[in-house]
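Below are structures written as structure tokens.
Two complexes are shown next, each including chain A; its partner changes from chain B in the first to chain C in the second.
Up next is the complex of A and B:
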């Protein structure tokens, strides 16, 4: 049978056939073939819809006592998928009690499946059990099976969904309930260092595509029973597991309910990545700013949970979402906390500079050169003028061309296979840049400005936020190039107003700068010593993070330097 | 107004500072220099004192009915018609205020940075940002005012660093050369700047957190902080440029800014200062739109001012364009009309309301208070 075509596509195909092959059309020019194909596809689509409705209805049915009925239902639901396996067995080796193990090849650990079969076929005999002495699924679970996670299953739909998730469904003749055994065992890529969030000092482990491995990463860091991980499933077809993690006695009051309510509102066929969820729960859907933090680092998530925030884990993606999030967090890096505070503060300051440079440097350069050259110190103005002498383009166009070329190289370098990507970057940045300057297409100063801007944008730890900044750079650049200081001020302040207006799960996006919080300044532009950061953010339930007088004060009298307390007793 | 929002006292202080500062350093000092020469800083000081007294009177009016702004209080005192009259006065005031606000904003940018740019461009740009801020509401306006205040401190720091090496205290002498009476009369021009703050307080005080207990302190603090920030410029302009030179300029602060330099390399940095200054200038525009739009919304009985922002911006835009189109008209309006519109309204209204509150002695009805 042909796969069904959507009616619109079938109609287009029919028109193409009719136009290119006149013989297929009738005398009136109206298309007989077209109506025929369209009618066929419509009929196929209707049949498929009918089958889908039947399947949906069957999934709601309870399991039946007769194995052959259950087998027939499963065959009808699953069709002829080659990866779907049904392994027959005889309970305790008795031909009176046949059964089947249903699982999806590739999703299960076959060793566990074998252990199930061994228990069902061999252990019963070894333990001198007769099938009749095991009258229910519960008896089998309790007296035969050795697997860690086994639960009863009453509905066919529940069983199928579990099988699709990597579990094994055991059905036995005469039982109107099945047994679900956790046998998840697909191959994943293991724990690796996050590719997009590098650090020099600190843990190297990153999240992977397995949701359970990811939650375990966080559990290993926070061994607090108050760390709760609630589950839900989103996606009518993908049935993606979503976990919501929080520390019950720290999390902002009402935040978990808000997160669950927003997640519960999502009605979609599939969630393939955290980006799907992010776009559907954010506060400012039209804003280019990210109001939800995304990370591949377990230490970042653990830190967020300890601040009273909520993490959203999504299966099949290494990216975990954290809410609420604040703009300044995107400029902070884990290293800030792992290095000594002087170093952390210094590099944080460098990153703030990088943020400002990446946002405004090309705009200021274009504005000064186009409109306000009298503001440039004379010696510098002469240098710039000598470089621009041969350039035929206005400075705005030159800047736009260079910015576009930079973005082009970045995108090409990203999409190409790694070795070629590096080559493209080198060819693009060195050879083309040099050639463009020598050809007089761009000025050397513009190359420097664009290069510094690009490097600065890479210095921002959050890649997704640096992308937002790249987007903002263009309107700012165009406004500055067209209207000078007026355009720059207008767009910049409009942007500032917008940033001030948005929220992330009820919290102001620019907090703690606006609204200003004095205590939170210890960890915004500055990174004060750990012994001074004794408070959590204001929204957390328990605001006290650490004890008092934690500053190390070595006992100078005996020089052993062990003491933390003032008496040096430790 | 069903969604009750609150702003902090710091935001109120910042809003007052922003709304006074820009015009006060930009054009008022030139006017004062023309009126009283080197005594301009004394006139400014007198203006600060008067402004502080009047903003306290405004607070006293609001304290009696802390849930209501002046329009609401007017309604509670004498009925709906009086509320409409007060709303109309607010509209007239903020439309009239838009003239000096645009004189300050446009002449700074156009005369010194973009002389060839058409006037409409400045008006449209200012109105776009102003309308956006107004659309986001008072909370966002309060927040941007805080950023603006930080910019003002930076600007004052830069001008102080760049000017002190030419500071000559002899230019400030003799004190009271114009006489006490003339100096006091000249303070009317600074009073007109304070008038904007008083009208802002009349609208905003009810949404300030804990207004009953700490509202007066925040309001008076706003006038004092803005006064300190402005008087620095008055003293610097007198001492560095001299009163004679200051009086020659419509936008006298730009002359001082141009004069400032740090070392040999940074000879010109007035653009940085103007960039810092723009935010406060745009805040003034923003609040003029807010005041007009809020007045119009209350006049027509609308639940919020979102629908009146664009019509108000258009009216303000036309009036602003008409004022700034001609420099002579602008200066004439600034010096001879604006103070006589601003001061009677802004100083008269709190006194009138205070008097009415005492005479009528009527407590607001609970339902009206709840409806706000």
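Up next is the complex of A and C:
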């Protein structure tokens, strides 16, 4: 299924077609045919719209007392979908109390549906013999049903929506109330290691497509009753479940309301992935920077919640959104915290370098080689010049070509069916790495620059923000190829100013570097030891995270630890 | 508003595209100059400028790509003109690439050129933004184009070889490390005079193919210096005199002195280190006076003496002191002889007696040549290196 084209783009395409094909609208002979077809489709569409309006009206009505009427309504609403099942039964085996069980095949666990039927038919007969002893739906729920989650249902629409999400609706003759039993049970992928965020040390479980499993991952990590998960449904047709998770006494004040308000604004037919939601609630819709963190890792979500942030779970996607988020987070990895702090700090430093390299290295190379030769040490200048001796292109073009080739290889490797993936890397590395240099198309130095840049961009843990950096690389590259240091500095500063101006749910995007926060520096460039990181980010309600004097140290000899020597020893 | 913004963006895109990368010069389209030679031209009043241009393809081995190289890492050309700049422009007649000066290592002038005055050269090489102030400057009695084109064998690019010679100069300590910055400093100074290094060709290289023809290959040697008065060269300083000057100019703190044994004609090599030269100016009876003291430590590094050195320390020390004193004296004498204050004594006096300097300054050249500085050398031998002498020693 393709996402629908945005209206603006569709309009532009229509205009282009209209302009480029002037004969299309004016050719007299075809007008009659065209309008004839158009009239037909318009008529059908009008009819369909009328039926849809009727159905909408019907969904708002309460359930009726007569099973026959309800059945007719349901048939009208559902049409002839083959996966929609209606199972007839007799309550307590008695012919004057017929009923139906509605569910969607494939969404329900048939064992549970069977247990419902068993309760209604067999236990009902054994325990009460007479259906009249169960005068209301409430009685049936309370005295017959053995299922874990059973709810009353008064409106038809409510029942249909529940059935669509995997519940079973039980309707019985004589009751103007239905019974909704939770029977969700479909095949899902199971818990697997996250595909895009790997680590060496740390939990291996990743989110999957089922929202309930996903929230359970987080709940298992935080057994705090203050962890709240609020529900919401977005999408007029998809009716996608959205869950908003936060810790009530930590979360930044007002943040949950803001998130709910922004989510509430969304009027769309379907949400197929969290990207839909992300684009509609982010603060900087025109910016290439992503101001919302997306992750597949439950441990990342849990730590974000513990910092007073909000996670947005969306059904049918393994990607969870976290707000507010900061730029530097995208360079930090969970491993930083799971390994010892020396290791964490070192690799974080490596990643900051990777970030800078992936952003500016090709630009700096192009700038030096085509404008500022005096800035290159002489022997390096000679080496570069000798490598470029036979290259027919200017450096800028060479860099753009190589960058493009690299992006092409990356994209091809991603889209290829897995068994062919290796072929891409072999062909790519041979052609780009070896043959292009031997043929004198590119200089060996450029290959090294592009390769280092590529590797660096893969070292950034957040894939989505490494994409943003990749995009920024090109304006920088072109500006430094056209204007040298001047162009590079201008674009870089424009970039910096832009990043400084962005906010993410009320927090500055570049915090805590700017605005500078001294306490937050413990976990920015450095990753200080766990026993020193005793504060949460400033926006959290309760900022103290851990107790005092957590540093492990040897016992001072008096058995009571330090500080107690004065009064404890006597 | 939107229309305005779109117009602005389109306009700026057009403006950007009209620049068509102004100033862009690919690094492989440059003729990178490694050394420049300056000489008098054949016609009177002209300058001959020779440049050593690096051929990157041959100077650096290239991976894979075919390089139709001649195997020569440099391409040396010369051009003549009425001024340096005209000569450089004339270079462009036969160099296919733009001549690029920012990586220049060395400027070498012929003696005759230097004796005619270097005002022009100092001005040009400091005025041009592409040229570096760290370029070495030297004078040669040989043909400068020959000096810059001589391949040393160790370095691929000859200019680089001379660059290394200058950089490692402090080990030998026989020529000043004169670069453009020092030259301009002394050139602009009213009293201090310039001292430039001396480069010459010596037949020292031994051919691998014909080792029996000793010295068939010429090598560039960095030894001695040239003293200037104002912008004109006035004479040479030998390596020994230059070493004396280096105590003043570059705080030379180590070197080798060879003295004879206490008994006999054999030699002892002494390595002096931590040498500190102190110049103290005085003003007595409206005459400037200078006390020059040199303190140094020394080690015995080689002894050919036939007797043990036990108890001879004092004697050897005295010989070393005498020899070092002679070095300093010879430098002072030579400077006086040329009437050029290459030792920066005027500057030291000026700093201590600014008032008196006002009257003395204008006459400094004459005053300098009449100076009688007292020179004291204090050496102490710190280590003789414990070494057991054989029984053959008497």
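Operating definition for what follows: the second predicted complex is superposed on the first by the 521 of 570 C-alpha atoms of A that agree within 3 Å, B and C clash if a C-alpha of one lies under 4 Å from a C-alpha of the other, contacts with A are read in each partner's own complex, and residues count from 1 in each chain.
The definition used in the following text is that contacts are C-beta pairs under 8 Å (C-beta built on N, C-alpha and C of every residue); 3 or more make two chains touch, one makes a residue touch a chain.
Everything numeric here is computed off the predicted structure, so don't read it as measured data.
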{"item": "First (chain B), second (chain C), both or neither touched by A:101", "value": "neither"}
{"item": "Partner chain(s) touched by A:369 [first = chain B, second = chain C, both, neither]", "value": "second"}
{"item": "First, second, both or neither for A:516, with chain B first and chain C second", "value": "first"}
{"item": "Partner chain(s) touched by A:485 [first = chain B, second = chain C, both, neither]", "value": "first"}
{"item": "Partner chain(s) touched by A:305 [first = chain B, second = chain C, both, neither]", "value": "neither"}
{"item": "Contacts of A:384 with chain B and chain C, given as first, second, both or neither", "value": "second"}
{"item": "First (chain B), second (chain C), both or neither touched by A:494", "value": "first"}
{"item": "Chain B versus chain C as contact partner of A:144, first or second or both or neither", "value": "neither"}
{"item": "Chain A positions touched by chain B in one structure and by chain C in the second", "value": "371, 374, 378, 483-484"}
{"item": "Contact footprint of chain C on chain A as seen in their complex", "value": "369-371, 373-374, 376, 378-379, 381-391, 394-396, 434, 437-438, 440, 444, 481-484"}
{"item": "Residue ranges of chain A touching chain B (in the complex, touch as defined)", "value": "368, 371-372, 374-375, 377-378, 483-490, 493-494, 496-498, 500-501, 508, 510, 514-516"}
{"item": "Chain C to chain A touching residues, read off their complex", "value": "16, 19, 21, 23-28, 30, 32, 34, 54, 56-57, 59-67, 100, 102-103, 105, 130, 132, 157, 160"}
{"item": "Residue numbers on chain B that touch chain A, as the complex places them", "value": "8, 10, 109, 113-114, 117, 121-122, 125-126, 128-129, 132-133, 136, 140, 143-144, 146-147, 265-271, 274-275, 278-279, 282"}
